[in-house]
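Following this message is one structure expressed as structure tokens.
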Amino acid sequence: MLQRLIGICQTLSRRGKSFSLCQMLKRGLRLGLGLSPVRHYTLDLRGIYPPITTPFNPLGQLQYQQLVDNVHRWSQLPFRGLVVQGSNGEYPFLTETERVEVVNRVRQVVPADKLVVAGSGCESTEATLEMTKKMAAVGADAVMVVTPSYYRGRLNSAAFVHHYSRVADGSPVPVVLYSVPGNTGLELPLDAILTLSQHPNIIGLKDSGGDITRMALIIYKTRKQEFQVLAGSAGFLLSAYSVGAVGAVCALANVLGEQLCSLEKLCLSGKWEEALELQYRLLEPNTMVTRTLGISGLKQALEWFGYHGGVPRSPLQPLTDTERTDLRAVFTNNGWL
Amino acid sequence: MLQRLIGICQTLSRRGKSFSLCQMLKRGLRLGLGLSPVRHYTLDLRGIYPPITTPFNPLGQLQYQQLVDNVHRWSQLPFRGLVVQGSNGEYPFLTETERVEVVNRVRQVVPADKLVVAGSGCESTEATLEMTKKMAAVGADAVMVVTPSYYRGRLNSAAFVHHYSRVADGSPVPVVLYSVPGNTGLELPLDAILTLSQHPNIIGLKDSGGDITRMALIIYKTRKQEFQVLAGSAGFLLSAYSVGAVGAVCALANVLGEQLCSLEKLCLSGKWEEALELQYRLLEPNTMVTRTLGISGLKQALEWFGYHGGVPRSPLQPLTDTERTDLRAVFTNNGWL
Amino acid sequence: MLQRLIGICQTLSRRGKSFSLCQMLKRGLRLGLGLSPVRHYTLDLRGIYPPITTPFNPLGQLQYQQLVDNVHRWSQLPFRGLVVQGSNGEYPFLTETERVEVVNRVRQVVPADKLVVAGSGCESTEATLEMTKKMAAVGADAVMVVTPSYYRGRLNSAAFVHHYSRVADGSPVPVVLYSVPGNTGLELPLDAILTLSQHPNIIGLKDSGGDITRMALIIYKTRKQEFQVLAGSAGFLLSAYSVGAVGAVCALANVLGEQLCSLEKLCLSGKWEEALELQYRLLEPNTMVTRTLGISGLKQALEWFGYHGGVPRSPLQPLTDTERTDLRAVFTNNGWL
Amino acid sequence: MLQRLIGICQTLSRRGKSFSLCQMLKRGLRLGLGLSPVRHYTLDLRGIYPPITTPFNPLGQLQYQQLVDNVHRWSQLPFRGLVVQGSNGEYPFLTETERVEVVNRVRQVVPADKLVVAGSGCESTEATLEMTKKMAAVGADAVMVVTPSYYRGRLNSAAFVHHYSRVADGSPVPVVLYSVPGNTGLELPLDAILTLSQHPNIIGLKDSGGDITRMALIIYKTRKQEFQVLAGSAGFLLSAYSVGAVGAVCALANVLGEQLCSLEKLCLSGKWEEALELQYRLLEPNTMVTRTLGISGLKQALEWFGYHGGVPRSPLQPLTDTERTDLRAVFTNNGWL
């Protein structure tokens, strides 16, 4: 019966209803049934997600219709869902209102069987919790919470445990931890992750750091909690699957979504050799739209693949001609254009 | 006559009027008088500034009356002005409304002959410009703009030059660059600083990095622009004066403001030996309230010195007992408590 | 016939004869037979290698008999060979004479069908070449050359290409590149590796950095050169195999050699699930004897597994009691002791 | 009487005699006279030192006659002494024999009233001690011991304290600590320095890190030990004097020795404004021959200033044409060529 109730909750949640009732229900049931030692996923995260970009016009104005158009196309791919306002969504450049409205618009378009995972992280704990609630209210199935980073000198494990526990306690939807040292300059410490993995409303981690040993260790040490680990980049997707990750959030999925879903399928069905051939050809394009050229590169590539790309907000700058040529060459040389 | 007009403008500005008229006037006069090759400071920044803290109660609510009380006390010290919402002001934890209101309240209390330099930096260029205008509108004499940092992989000199030029073009008040690698994990590149020093509305730099060779080089290479460099910490205040800095914004000035103004005076009057004796005794307390214990330490020290300190917003945590004891020992051992 | 000649050369080389004749012969044959476009391995590196430790007594004196005893035991395991004077061999603490003599002694003990790969890297190019020749003269089958690092500010790709080309030109045995940022603080740049992979006497890379995306990219971009990539740690061994690595040099193989050879076999036979279960249990012990406790930890573990461990030379210090207890717990908890 | 005996010892030592007798004498006297609480410098380090380069011909052969020629010229400048085999002496590229012989040759040429401070650091403690003894035996007045760095993961304060204590215990001449993060990638920790400053045979520190706050703190915290701190670069020489450093070891002194001695004099006589004008003009040339172009740049500059420069040993590469032009421009633009 518990399973069925959880199932109903998940269905409701995917339809954009508020989670709070469901969550309370689930928690109460667990407690009532003495289920606390056994952990059930409140949400199954397995699969591939594009961390979708946010389209702007050259004046920097948010183009909602273009966003909706893109989402329609992404919705036709076998993604598990979309990540809205990961780093590639330029969330630090959006106003509070825009952040919520983007989630709202995406949720309205995305089919009910696909997840909307919304990036609700802010520097302060309270702001993160507020944003979490607002995003949940417009239908986010889960939130992905990036580490605060500004006061890095004092952000030790204790501070992170406090921050995420407080957010997860108050969040109407499940919470996914998000560590992205390439942007924040810091890594969510291993011991903090292990502690937080025991929180009933923290269901997983997106790790973009690319340290595969660390990722394997996290998976191994949290297997009793059935904590779900997602790779944060297409560059190490195959390797992540090889050590037990359940999915990936990859910038490259914005443009090569089908291929990344194929790679997932090959990994899950044990066709590692084929998987590797595909993984190889994704390495360089992935590096280009992440480390080398970032969102500017990704948005340019989107244009080539028929999506609305546009330019990022300033201070990010559009590609130079040389950069555009290099980017094109990499996609061409690997057989994608 | 030009000097007098500039003087009037500055007086107006310190009284909380909009700068835009003054700025246009000054620029027009300069152009009309053929003064462009000669650069006059639009604002004389020389002196010591505390980057004031923002008081919260244990629930995290902003305590405006406590802020005002503190500002009254700081106003009695021979500071050149106050920096509102530097890193120690916990600006990343404030809402947009709070950020502006804090500047507003401070400006109402601070005497007209003291500057209010407001931290208006945001991740995006447009948000920074908007915040700049709002802070100017409530009476900030200048804005101090921290480097964006989230998309660090793409934040090269060209991006920074674009960002700061755009903000300075649109700002009704002069702009001070702000490089604080201890928090952002990146340093505003030297070549970007040199380029930006030529912008008529960029009047200086607060450098908290502590690389004294770099600071000396910036001062040397911008001396034709009469660009004003402020040290970003009390730890290297004497050294900064020794290489030509015009002042300092020091966390420690929140609690030992008088002593830091004395140190300034000793440096400016060439009493280097006395200055050094004083500098020595400030080193350890400074390290404690910056690198070691951060804002939590600074707020604890404020309590001991009779100010409203309180606790920082989460995820920053109050001091542990051990940390409090260590902090106390350092202030005591150096003769300050 | 070419293959047979190469075979003879390899046999000769393993018996401690000079390679130079063989190398000339092979090159000449290739040229004569117009074989330059097709690259054949001069040495097949596939397999697992322990980077063996060097035993010292408490006075820091090298214990050759203990070394020989250990090598006898390691020789009974299905290793491809031994790496002598990798980082775990404390090569920076050995005199020039000791470095050569250790290789000599090991070569005398190791069966002819197992490789002796000797670490011959020094800071200067000429010293590296001299050491390479001496180690080849006492029977090293190949040399593994760590990146110089002291003048890191000037060690760009051009410098590395020059360094390794010069060494490989003059070396009587094949050269393996060695990048170990955990010790040197720098990484051999990707472009330098790609250039060097085309050198006929550079046959592979040991990469201890653990960036699996980079490793995959190196393998992909050098597949035409049949360049052999070895993982530099047991922590990412499975992942390395998943992206096409041909083997591994793992500190942990000093103590858990059989298990690492089993892991290799499981990976090569496509039994990825079993492999993963084994990999998981190796993660923590591996971290302990590398990052956390280093050689001191490895030598302590050797004692527990019946080898001669001893203590490292100073400034490395023996384990504290707490460290020893922690180390023991990790081996015990993972079922190895 | 003690002072006189110490004076005799120092005179002897400067003439290249073994220190061991003197040291024993001094220690015995101190103990006998109950003087341990009062610390007297065993060697007065105050002044400017060039860390001299080692000339090679294009084949990489050490050119002793060129070295001697250079030393003759440097000896005519008001240096306190020469540092032989600092980082600029390419010590990691010299054989053990060359290292000792270079010190020997220099000592034979340098006048008795100038110090020869010899870089004796090796990775292992015992090798460092052996090298120290050999350099003392050929007349080094003191040794400067760079931090080991290869096993950085385990080189904590305890390891450094053990390393330096052991070397200082066994050294016949006083020991100067040497921290150079630009080359080693690590910094000798503050707490290790404070502990080591109490050792009777450790008389100072060369700090090349350029963190002036740290330097000031070291000077302040060791003032009871009269520990002597030398700046490790011309870039922050004035600032170092401003916080109490007693001298400097500057690469730039190889070519602009007279100017650096003038800068010292200006600082010591309190002529800070003149000093600053001179310091400014040294900043860019200093950066060029250290961070930007390193030893290759320094050796090129030596040629322009009439010394024997030559090229560094490989893997360091000679300047490219562009680099040479840039270097020349910097010396010209600052009025030195």
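The chains carry the letters A, B, C and D, assigned in the order they are written, with residues numbered from 1 in each.
Going forward, contacts are C-beta pairs under 8 Å (C-beta built on N, C-alpha and C of every residue); 3 or more make two chains touch, one makes a residue touch a chain.
Just so you know, these numbers come straight off a predicted model, no measurement behind them.
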From subunit B, the most remote chain by mean C-alpha position: C
Averaged-CA centre spacing for the pair subunit C and subunit A, given as whole angstrom: 38
Inter-chain centre distance, subunit A versus subunit B - centres from mean C-alpha coordinates, in Å: 37
Inter-centroid spacing, subunit D versus subunit A (mean Cα positions, whole Å): 53
Touching two or more other chains - residue numbers and ranges from subunit A: none
Each pair of chains that touches, named by its two labels: A-B, A-C, B-D, C-D
Complex contacts: residues of subunit B adjacent to subunit A: 60, 87, 92-93, 95-96, 123-127, 148-155, 158-160, 162-163, 166, 182-186, 291, 293-296, 313-317
For the subunit A and subunit C complex, residues of the former touching the latter: 210-213, 216-217, 219-220, 233, 235-236, 238-239, 242-244, 270, 272, 276, 279-280, 283-284, 286-287
